[in-house]
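Scrolling down, you'll hit the structures one after another.
What follows is a pair of complexes built around chain A, which joins chain B in one and chain C in the other.
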Partner chain A sequence: MTATQLPARPRAAALRPPSGGTAWRLLRLELRRSPMPWTFPLLAALFAFDPYRTAMGYPAVWTIRASVLPNKMLPDFVVFVVGIAAWVGSRDGRRHTLDLVEMTPRPRWAGQLAAWAATTIWAIVAFLAATAVLYGVTAAQATWGGPPWWPVIVSCAELAALAALGFTAGALFPGRFTAPLAAVGAFVLSLEGFNNAVGRSSAFAVLSPTTYVPANDAGVFYPYPPDVAIDQLMFLAGLTAVVLGVLGLARSSGAGPGLRRGVAVLTAAGTAAALTAVGLAGTARQALPGTSQPPSATAPLSMQAPWVIPALHDAASDQPRPYTPVCQTVAAVPVCIHPAFRIYLPDVAAALGPVLRVVAGLPGAPVRAGQVASGSLVPRSGQVNVGGLPAGEISGTPPAFSYTADQVPARAFAESRGMFITSLQAALVGAFVPAGVSQPATGAPAVPDRRTAPAVAPRVAVQEALLIDVGVPLATQRKQGLIAVQLPSALQAQADIVAQRFAGLPAAARHAWLARHLAALRAGHVTLAQLP
Partner chain B sequence: MNIETAGLIRRFGRTEAVAGVDLAAGPGVFGLLGPNGAGKTTLLRMMATVIPPSSGTLRLLGRDPRASGPRREIRRRLGYLPQQLGYYPSFTTVEFIEYFALLKEMPARQIPGAVAVAVERTDLGGKARARLRTLSGGMLRRVGIAQAIVNEPDLLLLDEPTAGLDPEQRVSFRALLRDLAQRSTVVVSTHLVEDVGAACSEVALMHQGKIVFRGTPAELTARGTDGGAGDAPLERGYTAVLAQARS
Partner chain C sequence: MTVTGLRTPAPGGSAAPAAPRLRWPGLRMTWLFLASRRVPATLAALALLGLVMRAALYWHWTLGSRGAAAQAVPVLIEAGAAAVIAISTYSPMGEPERATGRWLPWLRLAAAAGLTGVAVGALAAGAASAAPAGLAGGSLDLLRNVAGLAGLGLLAAAVTGGLLAWVGPLGYVMLAEIGLVAGWGSPLLWPGRPSHDLGGALCAGLVFAAGLLVTTVRGARDPVHE
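On to the complex of A and B.
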């Protein structure tokens, strides 16, 4: 009997449809053979030398330490995750297995999803392990609070989204150069591309975890604001669904009409989620902490002020978190700080103490100094702020000096402890004797016009004198930009001479003069010539 | 019939790789002979549902593979060894076979047993846990055959299955083919006529996309009695038919 004469054999055994067990076995195979774990030693070395070392240089404040997750760890991980994902995605093209995987009943897309998932899972495992080390060490050092989880969740979502992008690039353009090109592209995109596309100060910049960094004290004075994190999560989840959906809708996916419809729905849902997130990002605005409202349409806000998205905002995150400040008395004035920043109390006391001694007993001299949330202080008309930030203000009856939390951890980013101390001293001096000229919201030095400059100059001279008196010479003031007022050069030279002369007076004489003339000085009714 | 084609054509641009093939085959080993570029691999890839025909009719296992549902059913009962076997170097032999068993939608509980049987039948037991990157060309060919037969297909398509196998392996492979053909249709594309003579119950010879001869190996041998070049009778038949087709 020849082959053509034999009857077709009926199917011996009906094969059942795919089950969850099958999907798990497929994933387990991919997990076992994923190349991602091979990068772990390199990732560990990078982690030790970049994010971990940077974080250990920061104060042990949870949000500050957690800021390295999107800022340092993600860019480090992204290169490897995207490169490996693209390498795995291009596997069938590179290894010439397309004929084999495209003739199986299970759509090729299912196998691709398993391979992507394995890469993503390993990447997230590595990321979480590094986070555990960072958070573990911080837990042993932090004086208050607990770990913020939103940055971790959002970072994992970004890893999944970028792995999907890399994988799809590899699957659609298989080749040995796809992986390195995708890795470099993702690195550039994550670091600079997004910034360049939307601008760092744009509301849309909040969509990128690497671009948007919460204030240093997020979660300290108020609960960690989840608005932006939820929006980022929605955007990244939508992006992931769209990218994987595109892969499923490709001709080579092997998806039948039913699955293709499902993938189309997934893609549409992903697109809707991503576009909704973009739309919500457009409504993001900076607000005074605890109010979810900007102070006014025109008042500039600190860059450290939190971003809120009204549609996602939960009023519960506006409720202050209870805490008992820790205080130290200097010059008979209690200087207080949030317990999360407890380790900086000696430095803050060392900074404010000399100035408080100089101004003690003068009208408007603060009787208490306390820390408030970053972005809490709104620049007042006629006030110059150190570095463009409303770093401190004197208000209330009796008067109290408030300094923002970002001034304290600024030490970690400042060149030295000395710089941190002088900037805090300048904040107090600037609040005690306002220069009488408003600073641009950009933080650039205030430039009084020729008409007002003569009235501003005496106040600048007194500020300089007070700082000289507490040990900050003019040269240091200039170098650090502590007095952010740019007088005409001739007038500045005169102000400097007067400041040095005034600072050279006996303390009692200077104090007596200030006690008599401070109100007039603040009102702009004192000239340089009238300063002793 | 497990395979039925009528006027099957496949074009790549202006090139007609398969130029109207009529074929029917039930269980048994069906040999597909022909010189390089005759269209054997293209015909096999159409039968494997990797590429669709440009025109003509193709029915596999009694179903039309153009529709998604029947195509999926066909694929569950199909085994295919491509001419150029791609593989994942980091996978072990067992993992590679298991991977394709999963893609063939075999029930998860049956897979370990099925993989073991496929490994046993291809005599890969000693290399079951070896990474594919460490295997020789002949071993890899056997891994390819193992993944093709792991789901006990009703239709098995093998493109140059004995390439890279040593003589002893080829002998045992032919025995395997005969065993599989007890209940399946096995289509073997080859240009090694001795494989056809030893294992095939029927043979077709392709030239320039067309079938120029169809019959038993004995009938092909008989065509060589009047002339034709070659050391073996079947080879003389093969060359004689080709020479006639070219003239």
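On to the complex of A and C.
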């Protein structure tokens, strides 16, 4: 028999996926030879130093704790997942074994998919193990709610997309420098995505899973809308399909038309999904929690307000989550808090108690104090604000003091229990005697003009005096920026003197003066000189 | 007859042809060494990273204009340069080269030190072309960071082999990035220290010296499967 007698080469097989047994064997081989597990000790060290340490510095609230998964853990994984994937992808090219492996019965793309899947599986295993540790510790500390799964799903999707990008870069450019350059490039891209997401350069920035820290009570009063997470998942899945499809198109020239068609369909579907996600991201906007309504002049947004995408938004996300507040009576006033923040109730009581005792019996003194959702307070001029939003307000009949979780201390942001207590006291004092000037949305102190400053100064002086009376000296007030008004320096000096004099009065005398003049003081009809 | 008896050509046998005498044998050896280490490609990669540094500073890819946030991206690019230097230590020749190359240790030393210098120059040029003020930490900062990270890469090459040595500097820089943000002050995390800090400079210098020493004496490990 000579070569001329050999039967013609049969037509390449149509798209025929490997049988389950073959695919599993291939995947098992790749799982065994993947270098990804060798990076686990390094990833564990990074997890301990970065995401875990940061999460433990946040309040034990599920949503904010889970935010470290995309914000901290993913960036730590980026370098290694992309680098190792590129390393695995470039393996055959680096070792000059492409001719050998392309002769195998199965399309080369199937083998490459197995190698990519093995890298991805190991990366996801490491990620899920770290998530299990984080969620396990949080479960032991959290007093309400359950673990959010969207951050986990989106993070796993990003790991798959990153592995696909790195693998394809390695397969198409199999050089010795591909792995580190791809890793550095991916990390720079990740940082740039984070930069845009935090800076809100455009609505498309919501496509970056790595973004800012949500509000302390995100997902507590209202479900955290999954709109952006769904969009990100769609984008990342589409991107993964496109990247793997491009690899398939580049590597399936010798395969049958069925495979090429299948790869083309996969690429087209991925492109459609990714472009749809980009289009939807363009319609994203921040909304007031629980309303999906855009902000207004009377209801501005917190920087950390959730994003909604109208086409993906479920009205169920706007329904408040039922809960039974936990309360403690202080100075005959019930002080309540959401059960998710139960551990802070003693601090809230310790903060509000002294102020409630001082203002008890005065007109407008609150008869109840309760926690409300961050961003739900309507800004009024002269209140003490946090990031441009009111930290507390007194409203209703009978009057009730409402405060938010914005001041709940996060060790990750160098906030302490002492700061929490003094800021709550300042919020109550600011709501009780509003200074009468609007604070800019940036959260910077309000600066009254020359005409209004003399009318504002007495109210500032009384705020300062009440805080001195409950044990917050002027120096601490200045240091922590508790009085959100910046008077002209000469007037401020006078106000400080008057405040110290007023605080030095006997409690009964001060109480009696306030009972007589509080309405006039709030209306701006009292001058500094008239304060005793 | 055994080979031990072969001292002179057998009578009547023709003498072996003399090897052609090279005009510049040292130069040729150096070139072959550099080619085996893909030094031209390494130089191209370093030039590319210089351009990336320029782009990062020009388009403000940093997370802030000053402090730790401003250093995050430049330090990462410096780690990339160190990773490239570490990978250049890989040799496809392995044992035969070690057995015959008398000048090999010195060539390894010169290549590692020279490439580190080129990396510093490329990144400094990229930074200077983007902004007159250059990097936030200045050129001393750049020199310290690249030298220390390159030392780590060279040490990693002795453990993992040249091709995987990029894990060393990139893994370290991830820790350093965390330290930068968290404000850790240990000189062991020198990228987070000010440029005039003696402790940071000493640590980086010692690591670079150790890396050079190990590379000179031992070279990168030769993994059997590569």
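The rule is simple: the second predicted complex is superposed on the first by the 465 of 532 C-alpha atoms of A that agree within 3 Å, B and C clash if a C-alpha of one lies under 4 Å from a C-alpha of the other, contacts with A are read in each partner's own complex, and residues count from 1 in each chain.
Here is the rule we use: a residue touches a chain if its C-beta (ideal position, glycine included) is under 8 Å from a C-beta of that chain, and two chains touch if they have at least 3 such contacts.
Quick caveat, the model's predicted, so the values are computed rather than measured.
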item	value
Which of chain B and chain C A:Gly111 touches, first, second, both or neither	first
Partner, of chain C and chain B, that touches more residues belonging to chain A	B
Chain B versus chain C as contact partner of A:Arg95, first or second or both or neither	both
First, second, both or neither for A:Phe187, with chain B first and chain C second	second
Chain B versus chain C as contact partner of A:Asp449, first or second or both or neither	neither
Touching partner for A:Trp87 - first (chain B), second (chain C), both, neither	second
Touching partner for A:Met103 - first (chain B), second (chain C), both, neither	first
First (chain B), second (chain C), both or neither touched by A:Leu29	first
Shared contact residues on chain A - chain B and chain C	35, 95
Contact footprint of chain C on chain A as seen in their complex	35, 39, 42, 45-46, 49-50, 53, 76, 79-80, 83, 87, 94-95, 175-177, 179-181, 183-184, 187-188, 191-192, 194-195, 198
Chain C to chain A touching residues, read off their complex	38, 41-42, 45, 48-49, 52, 56, 61-63, 72-73, 76-77, 79-80, 83-84, 87, 90, 162-164, 166-167, 170-171, 174-175, 178, 182, 226
Of all residues in chain B, those that touch chain A in their complex	1-2, 24-30, 45, 48-50, 61-62, 68-69, 71-73, 75-78, 80, 82, 84-91, 95, 98-100, 102-109, 111, 147, 151-152, 154, 181, 183-185, 200-202, 216
For the chain A and chain B complex, residues of the former touching the latter	1-9, 11-12, 15-19, 21-22, 25-26, 29, 32-33, 35, 91-92, 95-106, 110-111, 256-258
